[in-house]
Each structure stands twice: as C-alpha cells, then as structure tokens.
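Would you mind keeping the following structure in view while I ask a few things?
In this document, chain identifiers A, B and C correspond to the written order of the chains, with residue numbering beginning at 1 in each.
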C-alpha cells in the first residue's frame, strides 16, 4: 500500500484512514513492499496497527523485497534486483522493524533477479522461516520457468505470484502464468488491476478508438449490474478460475468500501467475453 | 467435416457421397464439431451411417464442443467458449442425438476457454465416460501449458491436440506443441493442412514472391514424386515424428481417394527441408 | 575451434599455436564440430594432440554433429539437420577418425532437427556410449521444450546446452533456457560470447547510439577493473548463476591467455546490472 502519498501530514492522515476503513470494511490482507514510500508506508501502517487493538492478529501482512534503487546505497549504482541471502535477510529485518511486528505473514520477491541462485534463495527462506520471521513465501512478476526453478529448490510451497493484470495487460492469461497458478494451486494476485480503467495502464498501447470501445462496454455492464466501471473490472478478474486476488491500491476510503461490491456481483460468462471482445477489438475466433 | 456445404440438396448429396467415398477408400476417422453447419453436418453424417450397414462399427468418430456463437442462445451475447460441466454434458447429448449414436469415440474441446476450471472439465469427462457416452478425450488449439493444466486434473489421458498446421502456419513446430505431443504420446491432428496450397491460409502473410517461391518448390517435388502439390503437403506433415494426422476437409470424392497417395510416398528428409527453406525464404542456419 | 582459418599453411600454423597456447595456459575444454573447416579443424587438432604427449589425457574434447550442408553429399540438397541414428553414428566415426582419438568426451547435437525422433536419438546415444565412442551427451541451440523432450527419452543425462549468449543476444536469459539449465544442473555454454563487443553480433539490431552507449559502459568497467572490454563481457557471462561456460573462439594466443583474467575479477552485481542497463537503453523496472 502506497499509503503515505506525497508524505505530507494530510496525505499520511488520509493513508491511515484508508487502512482503518479497509480493516473496518472486512479487508484482511494488506500488501506492502520495502520500497513503497522508501519504507515510510510500512512505518505508517505500524502506527495504525498500534492504534487498533487486535488488528494485527486479524490480518495477513505481505511485504516484498529484492528491488534496489539507483544510487542506493551509493551514488552511481544502477537500479537492480538482489536476491542474495544477505540482502533478503537484511531486507526482512528492515520490514519487521518498520512494521513493528515479529513475524511477516507473506514475503514476496518483488521482481525476478537475473542473477538469483535458487538454492541460495531457498536457504534464505528456510532461515527466515526457522527464525519465525516469515510464515509464507511467494514471488512477484515471475515467469513460469522462473517460478518452477525457484520452487524446485524450496522445501516450502511458493503460495503466490503477484503480476500485473488489467484490461490492458492480459499477458498472464496468455503466457502460461495463470495456467501454472491454477495447476499448482498458487494464488495469483493482480497489481494495477484498474490500469486502463481508473488510470492509464503501464506502457499503454490502446488507441483512443480502443479506449472508447472498451469504455462503452464497461458503461453497458456497469449499468446492467448497477455499479461502476472499475467494480466491473474487479469482477472480471475475480471471475477467472485461477482465483485472482486484485490488489486494491486506492487510499480513497469510499472506494475501498465500495470495492467489496465486486464480490457479490453474479457476473456472467457472457459479459466476461464481451469485455474481452471489446478489449481485443474483435470476437474470439 | 463440413459436409453440408451451402445446405442445398445438391451440396448435401455431395457431402454424403464424400463420406461414402472416404469410407470405401479405407478412411476410418471422421472429424466433426457441434458447430459445423450448425449441427447439420452431424445429422447428415447420421444419414450415411444409417445407409451403410456396419460402417459405425468400423470407424472412429470425433466431435468437438465448447464454442458458443454470437447471439446464441439469445441476442447480444458474444462469441465465446464454455467448458462448464453443464454445457459440455449438454453438448455431448446434442452430438449423440444428431449423430444417432450411443457413444462418441473422441470428444475434443474446440478452443481453450479462458475460464476453464480443470477440475470441472475433468469431472465432466469422467461423467461422460462413466455414462458410456464418450470413450476418449482430447483438445484442440491448446497451448502446451493449457494441455498440461487440463491433463493434471484428468484421470484419463488426453489423446490428441488438434491444431492448425500448414505451410503457412508452422507455429506448432516452433512453440513446443509438437514437442509436447511427441513426449507425452499425444497424437497431434492438423486442421487446414492445405492452407496456403489449395486455399489461402488463415491470416495469410505470404507476399506474392513468397507464394511463387513456395509453389515452385511444390511443383518441383510433385513432379519428382509424380503427384500433386497438395499431396506433397500432406506428405510433409506425415513426415514429422510427432505423428501428425492431417484432417482432410474436402468433399471432393476424387481428392479424398487421392489423398491416400500421401501415405505411400517415400518422402526424403532433403525434400522436407527444401520445402521448409522455400517457405522461410532462407535456408536453416 | 575454427582453427584452420583460411586453410593456408600460415593460418594452420597459427591455429596450432593457439591450441598449444590454450593448453599451456590451463584450458582443458576444447570445442569442435564436424563442420568446422569442413573437418579440417578436427584434423589439425589431432596434429597438436600428436605433438604434445599427455595432452589428450588432460583435456575434454567436445564435438558436434547434425548439420548437413547444402549440396552435400549431392548437388541440389538443401542445408538441413539430420539426427537419424545412421547419420549420428556415421558422424561420430568421422569425428573420431579426424581427431585420431578412441573416445569423444562430449557429443553435442548442433542444431535441433525439426524431424528428430527422441527415441531414435536416445538409441544412437546408447549405442555410442556402449561402444565406448562417446562419454557424455548434450545439445546446442535447443529450446527448453526440445531439451525436455530429448531428455525424456534418454537414459543418460544431457549435460550441456550450447547457445548463443552475448551482449546483443540475451534470449537465453529471458526464454527459460538458463532457468532450465540451473534447475536441471545442465551446464550452459555460450557461443559467440563476444558478439557485439569484438565483432558484430549475428543479426545485429543495435543502432549506432546503442553501440556507443554500450561501449561507454564497457570502457568504464574495463578501466575500473583494469582490464579490457571483452574481458568484462566474459566476466558478465561468468557472473550468471546458471554457470555459463563461454566458448572462446579466437586463435590469437595472447587473447587466449588473457581471457583467463575474467575468472579472477571480483565482478559486482551492480556492474552486471549497469551493463544490462546500457544494453537495454533503460534501467530495469
């Protein structure tokens, strides 16, 4: 959760209210990363945990590590990934300290390190589990062959692969990622689920005509189900049999509460394919 | 078999003669789909079965389900795929009724449903097998990861993957589809095997120069083996070690009989690569 | 090793000196193919083996077969691959005769034959191993699905996949090839490791701007590590956790000796990613 916004007191207060609203609405899974807000998001989340007695016991906290920024820790080093055991262990200590918790529920490796040694990562995971610092492990943005490689070295199951899925980017539906998830009972999570609906998708390639056509279909479905376009998008993701968990990124408390509507819509297969057709600009063959 | 043509009495009669010619020539495998001719092809085939005593016992009948058309069953629904248990069971009942047979030899899922749940499909297959309605199961147009997923849930082997293979579209040779077939002893079937030879291939990307170069090589080989270009194409497919079964789509009785020539041609590896080179416009590296 | 150069006495002498220099520098693995120099490279290598007592026992010799040239053995036949048992057995006999050795340490299949039957290749390998003609087997330029298919039929492990990897072509890092190697403990070998550095890469797509940017980064790193650009490239390959063995193709004795520097450079993860960033023209996301 990028809950600190621009870091101003107002933004931080809004972020805390968003977390509280989510918790009070019944959300139980909170998604972090060591790099969100440069660590400030985890710290702010800790304040909410401190303010709401019993909250920690009722929720699942995910955080991620493995991305290291340009010029960090020293000037001149490039943006890079680092799955060395040393860096993973150090990162988790930082996460636990910032979140002020003893155990992280789920640790994800944020983006596949070109240089990861599967045995070394498995060793780091085992060390973290043995020390009681992390309960479960997963990955993010992994291709099937990368997940298979890492799993082959890990004694514990990798329980999730968090990838970008939205109306613009459906690669995970096409490249075997969700096939692998369904087969191996790995829960896929979708980041930027509302890209192309609420905000532009990364590397958008839709033409204005595409966008108009897609929006018209969203409009039609939102009207049919008496809801909003972005709720339809969440519903579309939830319909997939791999069991996609969309990561809701907003800090708008009303939106957080409203997003739960998506769970209750009796969304039809026909509408799922109609949206795919609008997205593709042509019917399936 | 799209044996009803335009549905006219002449077309239907031609279709029946084609089936009879195929059977009398020694063909034993007939390929249908619930959507060919809107179901009329299966019905017409049933007439031939009724006319020729003993034919049913001597042949293998394949049919397919899973594609649902636009505006069917109600206006406004899109073209889509449906591998729900309910729809598969209902589709097979329709196939059996139209073909007037008790048991379908092979059922294929026509195109991969984005929303298929492997366990649900496996359950449908088991139900059909237990009821004696279908003997064997397979798929069509599946990517390797999709076939692997479905097989992981099915107690019975998936025995075929029917994909497009022709001189224009050799994706199955390149993307692992035929590697998987050879490894898992799955029989690949080729639809539109004569695309780019007898009729234009789907989504043709060959330039006129490409087509002239390819035709010249077909001409050379047809002359060498004393046969016709389209027979060479069948021979080329039959040469592949995965054991490709080309699906012959013609209703021309003479062509049906002639196609058996392909089985007898002592086609050389050198000619196989010469045709590949003509197709690619360059030698292999 | 393409050690015969243009075939002139001077070239041949240079080639022999290169082999000797490599051996005396501590190189223990020599990479051949039946087609290098039309067989002359293997013959020339045999002369060196004869000249240096004890060399054969101290080195590992790889050779490759499976590529057959245009117009060979008769005019009009195309460039092609041939993994038939008959051709593999005959090829190895040729290799052993030219190298004047009794046993080849490693036999690689040079490029995947579209028509290879895994069982037939496995049978050829077993025959060669039983006859004491080949100790170990591997492949070259295989996609993961092809290697998996062949391995599924072979009782012995395939120990290497020799593929093109260089600053221009990093496909093996992206398409699962190196993931498979790491997982299955297959040693990848890199051919043309210096493509794009010392000589243009195959099918180069870099613009002059790309090349300038990449060279600037090589220059920076070479200065930092007090070495040369091409040594940095070897170091970059050696840093990969799959355990890449770069195939050094030069016949320049000084370069051969110098290349060993790459093994001693304490190359950092940060520099690895800086070179990737220069190659890609953008930082990792």
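Heads up, the rule we're going with is that contacts are C-beta pairs under 8 Å (C-beta built on N, C-alpha and C of every residue); 3 or more make two chains touch, one makes a residue touch a chain.
Since the structure is predicted, the reported quantities are computational estimates derived from the model, not experimental observations.
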Quick one: label the inter-chain contact graph as line, ring, star, complete or other. complete
Just how much do you need to spin chain B so its Cα atoms sit on those of chain C, in degrees to the nearest 5? 120
Whole-Å gap between the CA centroids of chain A and chain B: 41
What are the residue numbers in chain C that touch two or more other chains? 144
Chain A partner, complex, touching residues on chain B are 70, 77-82, 84, 111, 114-118, 143-146, 148-149, 152-153
Sort out for me which residues of chain C touch chain A in the complex. 144, 173, 176, 179-180, 182-183, 239-241, 269-270, 272-274, 276-277, 283-285
